[in-house]
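Here the chain labels run A, B, C and D in written order, and each chain numbers its own residues starting at 1.
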Amino acid sequence: MNIPLGHYLILAAILFAIGLAGALTRKNAIIVLMGIEVMFNSAILNLVAFWQYKYFAVPTAQLFAIFAIAVAAAESAVGLALVIAVYRHYKSVDVDEMKELKG
Amino acid sequence: METIYQILHTTFANVPAWAVQIAAFLIPIAFIFGVYPAIFALTTLVERKALGRIQNRYGPNRVGIFGILQPLADGLKILLKEDIVPRVADKFTHFLAPVLIVIPGLLVYLVVPVAPGMVAVDLKIGVLFALAVGTMSVIALFMAGWASRNKFSVLGAVRAVAQVVSYEVPTVMAGVAVIMAAGTLSTLTIVQRQGGGLLNISNWYVFRPWGLVGFALFIIGGLAESARCPFDLPEAESELIGGYHTEYSGFKFALFQMGEYLAGMAMAGVTVTLFLGGYMGPGSGPGLAGGLISMLWFFVKLAGMIGLNIWIRGTWPRLRVDQLMGFAWKVLLPLALVNIVAVGFWHFLTPRPLAWIITTGWLVIWFLVLTKCNASAKLEKREYRYV
Amino acid sequence: MDHLQNLARQQWLIPVIPLAAAAIQSLLPRSAKKLSAGLCLIAMGISCLFALRAFFATLGHTDAPQAVWNFTWFEYGTVSFKLGFILDPLTAAMAAMVTFVGFWIFVNATGYMHDDENFTRFFCFLSLFAAAMLGLVISNNILLLFMCWELVGLCSYLLIGFWFQKPSAAAACKKAFITTRIGDVGFFLGILMLFWKTGTLNLYTAEGTGALQRVGELLGPGWFGWSVATTIAVLLFIGAMGKSAQFPLHVWLPDAMEGPTPVSALIHAATMVAAGVFMVGRMFPLFIAGGSLEHPTFAMDMVLYIGAFTALFSATIAVAQFDIKRVLAYSTCSQLGFMVMALGAGGLVPGQFHLLTHAFFKALLFLGSGCVIIGTHHEQDMRKMGGLRKYMPITFVCYLIGMLALAGVPPFAGFFSKDEVLLVTFQRSKLAWGMATFAAFLTGFYMTRQMFMVFAGKWRGGDHNEVHGHGGHEPHEVPWNMWLPIAVLSLFAVGLGFFGGKYAHYLGAEEEELSGKALVMGLSIAVGALGIFLGWVLYGRKPLAHANDPDPLEDKLGGLFTCLNRKWYVDEFYEATIIRATTACGTLFRVIDKRLVDGILHSIVWIVRGISQVCRWVGDEFFINGGFDAGCQTVRGSGWLMSKLQNGRVQNYFRVLGLGTIILLVVYFLKS
Amino acid sequence: MNLAFWIISAVTVLGALLAVSLRNLVHCVLALILFFIGIAAHYFLLRADFLGTVQILIYVGAVAVLILFAIMLTHNVTGTDGPREILGVKWWSGAVIAAALAILLKKAILSDPLAMVLPAGDKAQSSVAEIGRALVANWVVPLEAIAILLTAALIGAVVIALEEIQKSR
């Protein structure tokens, strides 16, 4: 198991990019949320990778990841609730239609 | 798995290390794949005979002596049945759902210790793993319901998901109580902790006040998870035809059945390890003989639990949906939390009798309070107009 | 000395008590007649007691005691402006006289004004006047003196014009106020010059920095070649002329008779007119500064000759007057002339002493005439009176005493004081003395004329106006509260004369024998007797039978008499010259204003409007609308661009976010 | 063992890609679940077993279900006949940005010496007891904060979503 840290970082970067692409390109709000979820996980993966490769002596390093997961979960819950509320108003979850806050 | 590895390594010294490792890895899996489906087949038969007995009739006794071969017959039948897939169904998901239902059931057995040292994978976080995997079945249920594009199946799926999710929380909390008492998450050590004492029985957690409550919670949780008997609303025939597996036929339907039963047995297994002392019983101990006896004890307890399930299925009526949900959130969850506190008392109050009194008192009081405030309004005496 | 200092400190009580009374009376409703009169009398009584207390305190001292008490009125910057009160023989005597005479005049006034509906208002003005006069008397600061001076002028205006319903009264009070104001201008210039030259307005200060104490410094060149002191003296005397009705500014005094008689008595006999003389007495060091009796300063000459001329001039007019009060008014003018002449001749003591005695018997005469008027039911023309000795015996006796005192008959006060005045004038200049002596003769004559016309013969009032039918009343004696004052005053008119020497000593003037004392005295007695005899000859032997008989003197003098009666046409002269000149100036200025000023204004307005038109066209159209608006356009355009970025799409913002991070990374790489 | 890493990362990347690009929403969610499981596997690889189980418990167990419910509540049940056009208005700019980001990050990572560090292997022991003790001891404030956050999120989500049900009744 001698995979250097770089591989993990690159993996995380790729996942992050995929998440970002999803969030940016897709029309459906839920897919955008899923994209964001993917980005969250890639970040946490980064954290854990660093714990394993660099700060393995410190058991509490994992706490970062735990707290991050908790926050991400809370965020997605609220995000989805918002999407539902938006759907009720717009009768569609198409991100492009939500232009109400136009400048 | 390490012990097996040692055994194998010593016997086949000349075989290269990695091959041995793979072998060591495969043997437990083979054991699990072999034993538990067999038990599943057996339980189908036993269940139908027991139900018959309860309903004052014989169970299947045509196939083989006393219907022993009935499961085989069912298996064959289902294999030959045509596998109908609805046109509008979501092909991919429809196919994937039955597979996903079976996996969690099996995964749980990884961490269930059958005999001292005899556990597929000795994870330090065994219990948590078991519970976590339990939740995966939810997705499978939903996929099944969703894929078949059928209103009834979707409704059934939603109900199943809601039920499983809401019962999962109290079960996990009850598990937490045991983890607190045992101090570790790994199932092996929990079982060892329950050993000792009079005939290896007195230390079982079930004989602790909080253990008893936890045990009850786990039983109820187990039933709810596998949507059996009092909680078998998802495929309540009268309302939702078959629930989420209406559109399934043939072997997929069999897989569903197997998945359910396995999940039920998995929860039974976990309950046994956590509360009934796993393989601990009079005579169980390390070594070959002790190992065999402990294995025997494990399967006896497992059978007992399954029997209890079947017995409950035969006798208890089905719950209404809101009662079901209310019961989970308003009674079980608070009770589980209270249980955790009770374990806290138990842990810190060193003089045993004092600990007993306080924890039991605490739990009884809370039990009364919860039942009191959740009791549904007492129905007034009915007067009959034409009397 | 500290006792005097205490008294000096309490000097301010004397004017303040009547002032307080005046304040309270002003609030009283018209019906509170008794209360108002009572208040006035009590206040005057109290201040009279205080004045007498101060007078007797100063009496005891031999060297002219002087106690000054200054207090800071206000401070501006480092300089603190001080006001103060002075207690010296001059003030003490004057205050005592004013309060005493004033008290008795007020008593008489209660009777005189008994049935007048504005009773309370009258007494309010009276107490205000008393306060002002006393304030003037005790003040040690010339500005305070000037303020009281003005207040006194105001009170005279109010009192003269008391019956303002009568147009003649309204005109008279205006006339009085304006002429005194003309004098006051000179007075004020004098004050300014004094302040300018000495830097302080306090007359005497304990440290000796008072204006009058540093008169020596004021000998520098002033106006018209006079010394500064003389210039100030002249200016101040102009003020005194206005107030004491000296020659050019005397016209207002006879018309002032329109006011009620107690007013005339108080103001135009005893106090106000005396204020001028008192002021000159107070500022005497200024007048004699730089000169001595041998070669006096111009101011002294001016005072002397004006005094003498006024005495003669007004005496001549008095002879030809028919209104009882006008005769007395002109006699006051001439007596004032005497006082001023005495001061001009360097005799502070005779002047002041004559002032005191004159105050008593002239007040007596005026009150007497008041009683006569009341007795004859408001009849003022002497030709309609006559034979009142039978009807009003007490008034007749007192009036007789007053007449004798005024005429200068030896045992009475008038003789001593007039004699002193003539003596001093004799030393100074023979011409003035001659004029004065002739005036004394005339005084004797017109007083006897008045006596016989009023009291001798028989009552002419009835027959003249049967037409009206109300004239049939017989004159009657006045009630007690009118004849008591004149009785008291007549006592003083008799007794005061003997105190002449003691008064001189009291004022601190050294007693030196003046040459020609016997000659002057003898001549004055002779002249007085001659005047009385002539009066008796013309009027006494056969008093006028009817109201409209010609005046015996008239057929003697003919044209001159009418001229005298018309007051030497002085009013007409003023009318012709000064008044017409001012109206002419007025119209001239109006025209100038109309043509010149408006013209300039209109042209300026026109120019400004022109400029604004130009600015509007050039500035506004070209620059602002053009340049500025263009600028706004560009800003709004860029604004529109920016808003497109803000199009509400969440993903858009997200893309911008991503872009930002990429740019940051690129920069990071480029840098490292 | 390297093989395990490659397989699992392949699975994860595939999951992520499918989650983002599939037309059918439910399939996307399944791909996402696959992605979550891949991540959990990675945690186990990195010997962070507690984290792995937590990941499964939370993401696979709860978040996936949440998303499924969301899809059900917002989309017409069948889900397939949605608008043909699944890509956003200016989708290409998003893709370009993501690609650029990936390249830049890759470049940054490779340029950093840290990348070559080798894993700790067995030395990295993380026992749940230690984590628990740490959580309750000197990390108790963040724990309480997270507790508050979660309850707030819970109630918030309910309040936002609930309104609809009341109206419909």
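We take it that a residue touches a chain if its C-beta (ideal position, glycine included) is under 8 Å from a C-beta of that chain, and two chains touch if they have at least 3 such contacts.
Small disclaimer: the values here were computed from a predicted structure and weren't measured.
Enquirer: Comparing centres built from CA atoms, which chain ends up most distant from chain B?
Expert: C
Enquirer: Could you tell me which chain's Cα centre is nearest to the average position of every protein Cα atom shown?
Expert: Smallest centre-to-centre distance to the global C-alpha mean: chain A.
Enquirer: Would you say C-D or B-D is joined by more C-beta pairs in contact?
Expert: B-D
Enquirer: Distance between chain B and chain D based on Cα centroids, please, to the nearest Å.
Expert: Chain B and chain D have C-alpha centres separated by 28 Å.
Enquirer: Report the inter-chain centroid distance for chain B and chain C in whole angstrom, where each centroid is the mean of the CA atoms.
Expert: Computed from C-alpha means, the inter-chain centre distance equals 128 Å.
Enquirer: Just how far, in Å, is the C-alpha centre of chain D from the one of chain C?
Expert: The answer is 111 Å.
Enquirer: How many angstrom between the C-alpha centroids of chain B and chain A?
Expert: Taking the average C-alpha coordinate of chain A and of chain B, the gap between them is 33 Å.
Enquirer: Multi-chain contacts in chain C: which residues touch at least two other chains?
Expert: 649, 651, 654-655, 658
Enquirer: Can you list the residues of chain A that touch 2 or more other chains?
Expert: Within chain A, the residues that touch at least two other chains are 20, 23-24, 95-96.
Enquirer: Can you tell me which residues of chain D touch two or more of the remaining chains?
Expert: In chain D, the residues touching two or more other chains are 50, 54, 62, 88-89, 93-94, 97-98, 101, 105, 127.
Enquirer: Would you mind giving me the full set of chain pairs in touch?
Expert: The set of touching chain pairs is A-C, A-D, B-D, C-D.
Enquirer: In their complex, what parts of chain D are in touch with chain C?
Expert: 88-90, 93-94, 97-98, 100-101, 104-105, 107-108
Enquirer: Would you pull the chain A residues touching chain D in the complex into a rising list?
Expert: Per the stated touch rule, the residues are 1-11, 13-31, 33-35, 37-38, 41, 44-45, 48-49, 51-54, 56-57, 59-60, 62-63, 65-67, 69-71, 73-78, 80-85, 87-88, 93-96.
Enquirer: Please give the residue numbers of chain D that touch chain A in the complex, ascending.
Expert: 1-2, 4-5, 9, 12-13, 16-17, 19-21, 25, 28-29, 32, 35-36, 39, 42-43, 45-48, 50-51, 54-55, 58-59, 62-63, 66-67, 69-71, 73-75, 82-83, 85-89, 91-95, 97-99, 101-102, 105-106, 109-110, 112, 114-121, 123-127, 130-131, 134-135, 139, 142, 146, 149-150, 152-154, 156-158, 160-161, 163-164
Enquirer: Quick check: in the complex, which residue numbers of chain B touch chain D?
Expert: The touching residues are 88, 90, 92-93, 96, 123-125, 128-129, 131-133, 135-136, 138-139, 142-143, 146-147, 149, 151, 154, 158, 161, 165, 168, 183-185.
Enquirer: What part of chain C is in contact with chain A in the complex they form?
Expert: Against chain A, chain C makes touches at 642-643, 645-651, 654-655, 658.
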